[in-house]
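Sharing a structure, written as structure tokens. Questions coming.
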Amino acid sequence: MANMELEENANVKKIMHVLRHAPHGTIYTYEGLEMILIMAAYEQDLSLAFIGDGIYALKKNQDTAGIGIKGFARTFMALDGYDVEKLYVDQHSLEERGLTVEDLVVDVEVMSSAEIGRLMKEQDVIIHH
Amino acid sequence: MANMELEENANVKKIMHVLRHAPHGTIYTYEGLEMILIMAAYEQDLSLAFIGDGIYALKKNQDTAGIGIKGFARTFMALDGYDVEKLYVDQHSLEERGLTVEDLVVDVEVMSSAEIGRLMKEQDVIIHH
Amino acid sequence: MLHTINKSPFASDSLETCIRFLEPGDPVLFIEDGVYAVQAANSFSPLIEIILKSNPVFALQPDLDARGITLVDNGVKTLDYEGFVGLVEEHQVNSWL
Amino acid sequence: MLHTINKSPFASDSLETCIRFLEPGDPVLFIEDGVYAVQAANSFSPLIEIILKSNPVFALQPDLDARGITLVDNGVKTLDYEGFVGLVEEHQVNSWL
Amino acid sequence: MKIGILLKEGPYNHQASDTAWKFAEAAIKMGHTVDAVFLYNDGVSNVTKLMDPPQDDRNIAHRWSELSKQHGVEILACIAASKRRGINDDVLIEGGSITGLGTLTDIAIRNDRLVTFGD
Amino acid sequence: MKIGILLKEGPYNHQASDTAWKFAEAAIKMGHTVDAVFLYNDGVSNVTKLMDPPQDDRNIAHRWSELSKQHGVEILACIAASKRRGINDDVLIEGGSITGLGTLTDIAIRNDRLVTFGD
């Protein structure tokens, strides 16, 4: 049994999704989230990094009724239920945009770019959206 | 006759095409040029403004064989034959990129952004590519 | 002449390019991801303040709402799609794609 | 980890974002419109010089050729598609789209 | 006032298509004539009837088709751009048609305004 | 080495598609296995056989089809992204198929590298 688990763990890959586009103007973050939700079912070691305009996807109070596009900020709140719990936000990007964690719909870990860079280096796969 | 010409002139519109994308990475400048060549047949008052990365489309010595995409820098040299003679280049964009008119495949008028801005204001139609 | 900007100033050079060509008095309208430029107190606020000294600045309300931007820089006017059409009635259009 | 950048530094924030996350020693590869960053003597040359102090910098030769870039900043190495594959053999990939 | 629209990006991937449609609806509501929507670059993909988005999402091709039906707006895709991207007469929505860039030139000449949407 | 490719933009409009193909050819030439090319976002438009570029230009769909035929590379389009953009089984090139995002996850897991091309 212990051996089997070891073998299984050897197949667990560290996959980081990097969200760098603002929501709504382009579909990249939305379709990125669709990809993340599917990958979450595969029991890999998933993490999400919000960098640059990607942070805007987490902004509170988004109401897309007026532009006629489905909103998806709430879906980030559901990630927890899929055991996707590693949400990293780049502090520099947050400050540049005049935002704080209070402005975001979910709990995230705010990190320096260097810290996120070190985590990137540990990954087996990185996908930018 | 004089009246007819006046009527015709009233139908001549000032149309400016603004090239702002680098060539090859995206198709915008290439398909922009296809549009310009067709519009040239309609005897309108056409002009082209090269701003930002759009200037790169005019760079000498482009050889696209290695990327397997058709080059089109030479087509700008043919514009003269279509009576498209107003080619404006933004001086600021040129300097930022470490380029001079010597680096470009065609004769252009180098202007300040303010001068091009004044010409823009005179246009009936402006299309960005 | 109406200038429209539809890209985030953080990701694209559209805003900074556009303002070099702007004639005093001409309206600037932010739409789509462009509206992030006028969110109050971000790093582009000082630039918006400078533009406002010579040009009226507008932002599309539905795009602000979609992005959760509840507070815009002082002096920026908001409008809906009909307001957008109203500006197009008054001016030729220069869309800085 | 191999970092690739495919957008012009004048039009996009990709380069300036990427370098904040770069670990010393990790190679940076410019492809497609990204190669404009390493054209000798443009306004990004000082930044490339700084990156070169801690990281190897590469540019894809076919993309340089296509754009008429005959002179790159000192210290930048050029390679073809096979060289690109070679870097991918050695490193996991981080494509800054 | 007569307004022409130029749309340079495909559906869903960019908001351009949504904004262009909202703008057209508003202009028509205000009594203006929206003469034509000309599709260029990836914009030509707006008129494929093969589009099949999720039930709870907008159908962008249907939208253009309805705009054409209800208000006589021509929905025109550039032929050269269409061929590159696999759009042809067989996949066109009702109300859409494929045409040359000369038509865009006419649109630019005969309208009071040409408004561009894209990326 | 086993390499997977993720392609996120459509043909012609962005160079991504050309670079991905050149990269795949080089990798195969060097003896690596290119396991699959997964198409996402507008990338799904790479596999429509309706594509009909000018005679003197490359045919990007054919290229992917040839890569599949000659080297067994799977050319896979995400079903959700395809439906939004009007790509379905009827317009697929030979060697192309439509599949779910689970397949991409498998590709990410079973390959030594996943290389992304896009905009």
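Brief remarks follow.
Labels A, B, C, D, E and F are assigned to the chains in the order they are written; within every chain, residues are numbered from 1.
Criterion: contacts are C-beta pairs under 8 Å (C-beta built on N, C-alpha and C of every residue); 3 or more make two chains touch, one makes a residue touch a chain.
Since the structure is predicted, the reported quantities are computational estimates derived from the model, not experimental observations.
The minimum number of touch steps linking chain D to chain E comes to 2. When chain centres are defined as mean Cα coordinates, B lies farthest from chain A. Note: the chain lying farthest from chain C is F, by mean C-alpha position. Chain C and chain D have Cα centroids lying 33 Å from one another. Remark: chain B and chain C have CA centroids separated by 26 Å (rounded to whole angstrom). Rounded to whole angstrom, the centroid-to-centroid distance between chain B and chain D, based on C-alpha atoms, equals 29 Å. In chain B, the positions touching at least two other chains are 24-27, 52, 67, 69, 125, 128.
Of all residues in chain D, those that touch two or more other chains are 6-7, 10-11, 13, 32-33, 62, 80, 92-93, 95, 97.
Residue positions of chain F touching 2 or more other chains, listed in rising order: 8, 12-13, 15, 19, 22, 41, 57, 80, 114, 116, 118-119.
Across the whole structure, chains are in contact as follows: A-C, A-D, A-E, A-F, B-C, B-D, B-E, B-F, C-D, C-E, D-F, E-F. Across the complex, chain B is touched by residues 12-15, 18-19, 21-22, 56-58, 119 of chain F. Interface of chain B with chain D (complex): residues 21-26, 52-53, 56, 59-67, 69, 71, 73, 96-99, 103. The touching residues of chain B, counted against chain C in their complex, run 20, 51-52, 90, 92, 113-114, 116-118, 120-121, 123-126, 128.
On the chain A side of its complex with chain F, the touching residues are 11, 13, 15, 27-28, 31, 34-35, 38-39, 41-42, 44, 125, 127-128. Those residues of chain F lying in contact with chain D across their complex are 1, 3, 8, 15-16, 19, 22-23, 25-27, 29-30, 32, 113-119.
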